[in-house]
Amino acid sequence: MKAKVHVTLKPGVLDPQGKAVSHALQSLGFEGVQEVRQGKYIELDLDETDPAKAREAVERMCRELLANTVIENFTVDLEG
Amino acid sequence: MKAAVIVFPGSNCDRDVAVAVDRIMGTKPIMLWHRETEVPDLDLIVVPGGFSYGDYLRSGAMAAHSPVMREVKAQAEKGVRVLGICNGFQILTEAGLLPGALMRNRGLKFICKDVHLKVESAGSDFTRGYRDGEVVRYPVAHHDGNYFADDETLARVEGQGQVAFRYAHPDGRVDDAANINGSRNNIAGLFNERRTVLGLMPHPERLIDDHLGGTDGVPMFKSLLEALS
Amino acid sequence: MSEITPEIVAQHGLTPDEYKLVLDIMGREPNLTELGIFSVMWSEHCSYKSSKKWLKTLPTKAPWVICGPGENAGVVDIGEGLAAIFKMESHNHPSFIEPYQGAATGVGGILRDVFTMGARPVANMNALRFGDPSHPKTRHLVAGVVAGIGGYGNCVGVPTIGGETNFHKSYNGNILVNAMTVGVAEADKIFYSAAAGVGNPVVYAGSKTGRDGIHGATMASAEFDEKSEEKRPTVQVGDPFTEKLLIEACLELMATDAIVAIQDMGAAGLTSSSFEMASKGGLGVELDLDRVPMREEGMTPYELMLSESQERMLMVLKPGKEDLARAIFHKWELDFAVIGHLTDSGRMVLKWHGDVVGDLPIDPLAMASPEYDRPYEIVRETRGIRSNEITEVPWPEALSKLMGCPDLASRRWIWEQYDHMVMGDTTQRPGGDAGVVRLHGSNRGLAVTTDCTPRYVESDPVEGGKQAVAEAWRNLTAVGARPLAITDNMNFGNPEKPVIMGQFVGACQGMAEACVTLDFPVVSGNVSLYNETQGQPIMPTPAIGAIGLIDDLDTMATIAFKDDDDIILVFGE
Amino acid sequence: MKAKVHVTLKPGVLDPQGKAVSHALQSLGFEGVQEVRQGKYIELDLDETDPAKAREAVERMCRELLANTVIENFTVDLEG
């Protein structure tokens, strides 16, 4: 099955990338963009077919590698 | 001969390349701020290295949309020579002046070291000071130098002789072991079709005197001087 | 406002005695904002309460010293109207928690210390100490720290031209990340932090203030804000792009005649920067905290005063120069705000939408910061190792073992991740005895090195302290430079233990002796204590950063053998 | 309203980061991960309240800045 992982900065953590993107959008003439936050999106193809086990494995991967839990949160969605 | 160096917020090789232009070409380039919308007629525009806009989002992406780049495109259109080094190369691809894209290095790490390059084509205003097939040593310093183009584009740029430099061994062999960052076909530098625009990841301006460890970068600026004066 | 309980006092790291002193100075119970200010001003980090007594014994003078310890960085004359400004600083704990951001913000902080004084940064160095290579965390920490140093330094465009890297199990739970920056300024255009001119505007420039790194106080402040945990990341995220803009903007403003005093907001942010400026100038300051540029909703005066958000500066301007300064900072797309003015009251008055939310005397607080004469015991195991205690190994085997050992192996894999050539003046790249950068547009160069051998300091703090200074001296002379001055980064364990305190005192004594003998003064430095985990201290690590001058780069020496038949000489004892 | 943008590499474009992540997962002992692809996830807070207009604006932002269509695809989801 497929796992879709979103890794985002915790609220309150400075997001220099988001800040720069929002500046750039403004200077390109896009109005009315309040805040931009940038995160990571990771797709994994798994052999595992049991959703509970897959979720558990992917959450472990997030904690150990994919996300930096000191400053980032993550969510895991499973598909197929 | 009139030259300009573009300065984006976050450019950091702007002064280095201005020194090279001044010292070797004998002309102080004008420094053009990214917000500039009126640019005098020029013979050479240098888009320097650095981290324009922090290289946030994608290297070169935001700089490619800054006001001054409209002028750069317009002048490039007219045949003004444009040299993009490192971040400058990334910006030129993002701006559509050169085909392809520069992705994260295959090894994911920033790489700063001297590399050897095979000169693929000495037939340009940038490279006439070198010989075809000559091997030169230039420093690289980048995180996103992994050149990508789809098969069709790659076939086209190869077919039209747009490749300027390839990562090579000191003896000129070009193979995967010499490919420091995973670039397709070991491409380190690329011309546009008319060879009036050159983008390259390595930094010729960093090896221009013996105190810096060599002078392999000098012929590029001499070439331009000869061609443009 | 919540009442100050003994728990809240303890959570702010103040002892009951220290709190008594607070009450004496205030003449009343402080409110939470005021308590927070005392807490950071009297923290070990800001007050040097354990180390002050001994730091004063280091020699700091020489005819070429323009400014010794006490300012943001040390300044030495390098001739032809130029000055070198440099300092080393630790970011040990944050780098252990989050190696990339911890190391990155360490580089950012030391860069600001240097350009605050008017210098353009021209070289970075980094002295790193990690745990045992086989320890499960080491690999992750090394990778993160090196990437973070590179990520920040490469982006701001200052070459990282050297450093040192050691591995030892004593650093398993407490890695050391010491970063050094060297900058160059015109000798008659140095900027200092002492405020002057009653009525002059106090301005804020750089990034907005968020809830970054408000530590020590997390629990206490939870009382007036339930959702605090999520909102208070203790790790700051660095923004090197903003730092680069801040460098350019500050240098542009410095080229005008607008600045009276300037100070970066480092540890303890707005609190220590405003206190130091006012205290040094013998003045008072009034701040309208609601005018501070804020990144988040609902920030309190407490949070604004204690935030450690990065890439921020505080300045006192000449009257009427606000618009000039604003225009420059806006050109570089940075925040800028007039947030207060100087007064003659000798007090710091904090206002929030017109109401006074804090009122503290400056000098009593700054002067009365505790100073401890901690008991110490200098343990010197001068016995050394005897040759009959060593089992002999055939030399090829010994050599290959040495070459393969993590402390001696090539560091190329580290410095290739650092841009060591940007700025086009690196005349000696990493890999030699010292890094060298050319003074722009001249044929002179600055040589820079960092050195310390912690195991020597551990076996004999005095000799080890001497040796660290001597090695730095040798590394400079080895490239052909005339050594000028040093900065230090004193990394030790818990100073409340006499043996650890003895390591610190002994190292200071040894360093002082070497510095006097070599005419090699200490012009800046930093102290990092309490580097212990579960009672296990790090090896004592007084890292020395040193600079020297090469008058003619054509005479610079490098370590490579040059030609066949060259003669090899060994000299010294 | 809020826009959630996913920017992913086009199929056929080699993904060095995804590849490195999948290697790292293996060496951490996670088995059965077939392929990893890494992309970007960007959240934008918009003043615009009309979904059609918002979508159009965000898609323009993607084409002009947020994605490099030489190598990347993007999707836009709107919320609230």
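We just call them A, B, C and D in the order they show up, numbering each chain from 1.
Throughout what follows, contacts are C-beta pairs under 8 Å (C-beta built on N, C-alpha and C of every residue); 3 or more make two chains touch, one makes a residue touch a chain.
For reference, the UniProt names are A, D = Phosphoribosylformylglycinamidine synthase subunit PurS; B = Phosphoribosylformylglycinamidine synthase subunit PurQ.
Fair warning: this is a prediction, and the values are worked out from it, not measured in the lab.
K.L.:
Work out which chains are contact partners of both chain B and chain C.
P.N.:
A
K.L.:
State the pair with the higher C-beta contact count; candidates are A-C and A-B.
P.N.:
Counting C-beta pairs in contact for A-C and A-B gives the edge to A-C.
K.L.:
Round to the nearest whole Å and give the separation of the Cα centres of chain A and chain B.
P.N.:
34
K.L.:
If you average the CA atoms of chain C and of chain D, how far apart do the two points sit, in angstrom?
P.N.:
Distance between chain centres: 39 Å.
K.L.:
Whole-Å distance, chain B centre to chain D centre, using C-alpha means?
P.N.:
29
K.L.:
What positions in chain D touch 2 or more of the other chains?
P.N.:
40, 64-66
K.L.:
Going by the touch rule set out above, which residues of chain B reach two or more other chains?
P.N.:
Only 53-54, 56-57, 61-62, 65 qualify.
K.L.:
If you look at chain C, which of its residues touch at least two other chains?
P.N.:
Each of 239, 241-242, 333 in chain C touches at least two other chains.
K.L.:
So how do the chains connect up here, line, ring, star, complete, or something else (other)?
P.N.:
Here the contact pattern is something else, fitting no line, ring, star or complete shape.
K.L.:
Name the touching chain pairs, would you?
P.N.:
Here the touching chain pairs work out to A-B, A-C, A-D, B-C, B-D.
K.L.:
Under the stated contact criterion, what part of chain A meets chain B in this complex?
P.N.:
On the chain A side, the touching residues are 16-17, 20-21, 23-24, 27-28, 38.
K.L.:
Can you check the complex and tell me which residues of chain D touch chain A?
P.N.:
Interface residues on the chain D side: 6-8, 18, 21, 24-25, 28, 30-48, 57, 60-61, 64-66.
K.L.:
Residues of chain A touching chain C in their complex?
P.N.:
9-16, 19-20, 23, 68, 70-71
K.L.:
Within their complex, state which residues of chain B touch chain C.
P.N.:
Contact set of chain B toward chain C: 9-10, 12-13, 15-16, 19-20, 49-51, 53-56, 109-113, 139, 141, 143, 203, 205-206, 208, 211-213.
K.L.:
Which chain B residues qualify as touching chain A in the complex?
P.N.:
It is residues 53-54, 56-57, 61-62, 65-66 of chain B that touch chain A.
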